[in-house]
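Look for subunit A in each of the two complexes below; its partner is subunit B in the first and subunit C in the second.
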Partner chain A sequence: MYDSLCFTDFGVAAWISKLYGIFISKITSLLFFLVQLGPIPRHLAIIMDGNRRWAKQRGLAPSEGHPWGSKTLTNALQWCYDSGIRQLTLFAFSIENYKRPEEERQRLFELAKEKLTEMLDSRDIIQRYRVKVKLVGDLSLLPEDLQRLMHSVMKETAENEGPRLNICFSYTARDEICTALVHMLNDILERKLSFKDIDASLLDEYIARGQGLSKECLAPDIILRTSGEARLSDFLLWQSSYSLLYFSDRMWPDFGLWDFLQLLFWYQRHWREYQQLRQRQEHCQRHKEGV
Partner chain B sequence: MTLSLQTIRRPIALLVYYILYWIFFTVEYLKPLFYKQSRMDTCRQKEQPKYQVKHLGIVRNDGVGEETSICSNLINVILWCLSLGIDTLTFVDSQVVDWSSWVRILCRVENFAKDSCILETSSCSHLTCTVENKSTGFFVLKLWNRNQTIFTLNLLHSNDAHLSLIRGIHHLVRTKLEEYQMIPISSRKKYVLDFLNSGAEGAMIGCEPQLVVIFGNIPSLVGFPAWEVRLSQIFFQPSFSSFTFRDLKEIVHMTLQTPKRFGT
Partner chain C sequence: MRDTNFCRVNFHSSFGCGWILLNLQWKPGYSFCLTRRAPHFLCSSYSYRPLLDSWKLGFVAVKLFSRARRWAHLPQNELKKQFCIFSVVSFEGMEKAPATDDPKLTEWHKSPKRSLPPLLDPQKLPKHIAVIMDGNGRWGLHHFSCRTRGHRAGVDALEELIDCCVHWQIPLLTVFAFSCENWKRPSEEVDFLFLLFSEMVSHKLQRLLEENIRIRFVGNMEDLPPSLQQDIIEVEELSRANSSLELTIALNYSGRQDIVNIARRMLRDAEQGLLHSSQVDEKLFQQYMQQYSIADPDLLIRTGGEKRLSNFMLWQVAYTELYMTDTLWPDFTWKHLYEACLHYQSRKRKYGGLLGSPT
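Our next item is the complex of A and B:
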């Protein structure tokens, strides 16, 4: 009798849990349907900051925060694609992060390998949504096995026609710009280009070419940074000149659906003024060119 | 007239959407009340800052304003900067197309002599102001006191976000291409990086501001030189005309208190 009672309790708990999951899923779908009644950003860039501080606040080792951040990332990818965002750029690992202790770096690389291996799994969100993945940065600085895995993921998802995911790994914006400039200067020396051809549009092309992206993929509509820090920290400096900046006080592992919806409604609130500002800027540009 | 389910659904969806929109708007509206409190708490900290803010960046996105009034506010900001030890200000205005009329107002040395608490009255007669039009409307005003630069004001447009770096690249190509050609291929990236970091021999604004204040409802760096904003602390303020010395002091203090990890 005792055994049958336990079985019944377990069945009821599982049944309630399943119902709750379905309820949350329906509410989430409804919320994403509603938010898409307003303008949705085409391209969102995220600086996932605060993993180590989050871990310290909970008495964990700083490097313990990164796996939790990875879970938030999985959720964030789902939210982005469900809400209609077509391109996502993540700042995963900076060239400056090589200064961190060896143990933490190795842990981050291991986490990256786990995440990339998951991406090759057909059940993973990347395959479900047919996401095209691009790794952006100076990948030659990374361990060889990680580089091979990265190239596998890019090759595997190259034909996907769904949303795009750009992961900035071993990346800084200045390094990206200088790499593009070196190619440009080499072309000038080889007389493929002249000095008069150099303008912002040309640099756009060289940066995009260097990262294997198309020129249209570059500029994010929003740069989101978590943990309360209000800096770009050498992320997409060239591309973010005209982007909206959103600094959230939440640590990245704590960034939830409410915060994500807050971000989208915030964008919708600023969207009209932002479009007007872009039009004024284009008008100024045309005026200067006319002069 | 029969109503279809689709006809009923859309208005209801829009109603729920606007309710949600206003809920999130209210939450965001109330947040600054708590943010201002925490900013004041930060300012009460007694820790001695390890470095000083020397370069301030300002981006003005708060709409059209009367030129004389904005110039007057800008002069006040310059005087406040001098009192806080800030010797460079980079000012980007998303509305201004031509800085020439502004420069004529800003260049008058008597504007800076009006506050004797900041500049000693006896040295006012030695104040001079020089203007340099770098190219395509990028102006640099320098305030001199007895042959020493005491303040530099960079005036840029909203296009200068990219044009600033392009000017640096043009200067590199015009003047350093032969030297660049001699450098080993493996060192070329570092050469370009160092050249641009140093300010491209005056073609760019030269140094990175420790903090950038964005005024207006549009939280964007519209126009601020892209290269130089790498590690700048960014703050948002509602309006340039209502910006006070106390606000600037609080912001500078917060910048000094913020830990600078830079990847570590």
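Our next item is the complex of A and C:
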């Protein structure tokens, strides 16, 4: 890029681009400061959709969109940390995605291995910000080496007290509910619980146990889906009963800082109603449990 | 979609303008403008006003001006190219004069609700529509300063929806009438709602029975007043044999409680030895859900502008297309349903796989 410039211009161009970089980072910090003046969601869930379509739009092979998607993911982690979101849940790979061609699946697994290996590196943002990573889903369906890597990442970050990151890999919500149900039924048949204990909060506990979380952090405040599709695709069905749904038309690799900030400002506009709703719902639940 | 339609726009002689109605999906990077090169447009300018403004699509009425012509035939694909739009639906042009000589379309213009509107493919219609009827209270407050009038108007809108579904041959319809959380509303409103429900069940549902509609109620029936429970059982019994539309009304329903109830049934069956705990998996749960509760909807419509599920059918909406609109429920007409079905038709449902690959 600097080939055509002469020696003195090279210095000026680098100086200008450095200044520009500083300017942009100051503006970004200002925007995050403004956003944090209002309420911030505690738990954000993202369905990262649109990688293949984005690649097709740019003339690449569809499975080449995924590495670009993972770059956006790294940015998103940074933005979540900067804006103070305490918990982030991502939908990386669904059990239904096993239907996709072998080549694409292998590519996705390779990408996952790369990302997880990076997470073990101490310079990665996961370690720097003390993020606790949890991988949720039916991990037994995955290849052995990927499973081992996942367990080592979870073990490595188990003691971290910073923000939480839950990655749903080989996951469907229905499978999650059924697994929790099977554990519950087994406990009941073994007489550890009685029939009349079965209610929504018990199932909540079993699902939370499956995810390794506490009951209160299960429900996301916002579910974001990119690429314009308006479906949940079997993601967090049990937990999404009162979550706000935000469907963005951008493809996931194109999802930028401004779109993220728009999401937060939208949440702040609807925050008051959302709070009232959550209070009513918690009141209802406590009333039921009391009875 | 086969493109056989023309829109006929009559330019009124005094002002030299006519209206067409466009269903817009804004494409990024395009601006909404008219080009002068089009042979069919001898229009000097246009203006537009948004109607039926919904969450993603918008119906926009475009006023075309032309001093020279009395009327113009505007082919749909030209309009699509000119305005960079998703589709053209010319209600106003079509209602005044049929757009083509196609006999089916001419029939449709005479009674728009009674048969399938143009551009809707009967194979691609949703087979099960679920509706969250939100916004009655706000509508009532806005128009009459009284929430209860809104609920009454909501019942009329529901009747229109049921009518449409019967004529467009949509086999299943589920509506969310009352949620477990609605008990928290002011007691006058809750009392009025139950009065409305008993009125509906005893009077209006008789009319629906005559139209061969099968009615089911789901939800926690024990908290309802006993007279209402009695009426419900009667209506379900009377309509059991009907077959034209299956209407499911979710009364005192909670999605989570539904899942818990199915779990209880499974446990009871497991205790009685009818099934083993190792047999419990997603497929079995799905079977139980379809048998004892509501089946999976294809399209979920939520009016009132809120973007959430509100604890309605959590298991079943795994792959349902969600359509959220800002229209309040009493304002929901067949045109809004048309828009929702058009939106559904344009979706590519892959269920996690890829289009065209064997699943």
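Just a few scattered comments:
We take it that the second predicted complex is superposed on the first by the 271 of 291 C-alpha atoms of A that agree within 3 Å, B and C clash if a C-alpha of one lies under 4 Å from a C-alpha of the other, contacts with A are read in each partner's own complex, and residues count from 1 in each chain.
Operating definition for what follows: a residue touches a chain if its C-beta (ideal position, glycine included) is under 8 Å from a C-beta of that chain, and two chains touch if they have at least 3 such contacts.
No experiment lies behind these values; they were computed from the predicted model shown.
With subunit A as the common reference, the superposed partners subunit B and subunit C clash.
Contacts of A:Y246 after superposition on the shared chain: both subunit B and subunit C are touched.
Contacts of A:V182 after superposition on the shared chain: both subunit B and subunit C are touched.
Ranking subunit B and subunit C by residues of subunit A touched puts B first.
When the two complexes are overlaid on their common chain A, residue A:R269 makes contact with subunit B while staying clear of subunit C. Residue contacts after overlaying the shared chain place A:L120 against neither subunit B nor subunit C.
Contacts of A:M154 after superposition: neither subunit B nor subunit C is touched. Overlap of the subunit B and subunit C interfaces on subunit A comprises residues 94-97, 99-100, 173-175, 177-178, 181-182, 184-185, 188-189, 195, 198-200, 203, 229-234, 237-238, 240-247, 273, 280-281, 284. By the touch criterion stated above, subunit A contacts subunit C in their complex at residues 94-97, 99-101, 172-175, 177-178, 181-182, 184-186, 188-189, 195, 198-200, 203, 228-234, 237-238, 240-247, 249, 273, 280-281, 283-284. Considering their complex, residues 13-14, 16-17, 20-21, 24-25, 27-28, 61, 94-95, 97, 136-137, 157-159, 161-163, 165-166, 169-170, 172-174, 177, 180-181, 188-189, 192-193, 196, 214, 217-224, 226-227, 229-235, 258, 262-264 of subunit B touch subunit A.
Note for the complex: subunit A touches subunit B at residues 31, 33-35, 37-38, 94-100, 173-175, 177-179, 181-182, 184-185, 188-189, 195, 198-200, 203, 229-234, 237-238, 240-247, 261-262, 265-266, 268-270, 273-274, 277, 280-281, 284-285, 287-288. Against subunit A, in their complex, subunit C makes its touches with residues 28, 56, 180-181, 183-184, 254-257, 259-260, 263-264, 266-268, 270-271, 277, 280-282, 285-286, 306-311, 314-315, 317-324, 347, 351-354, 357, 359.
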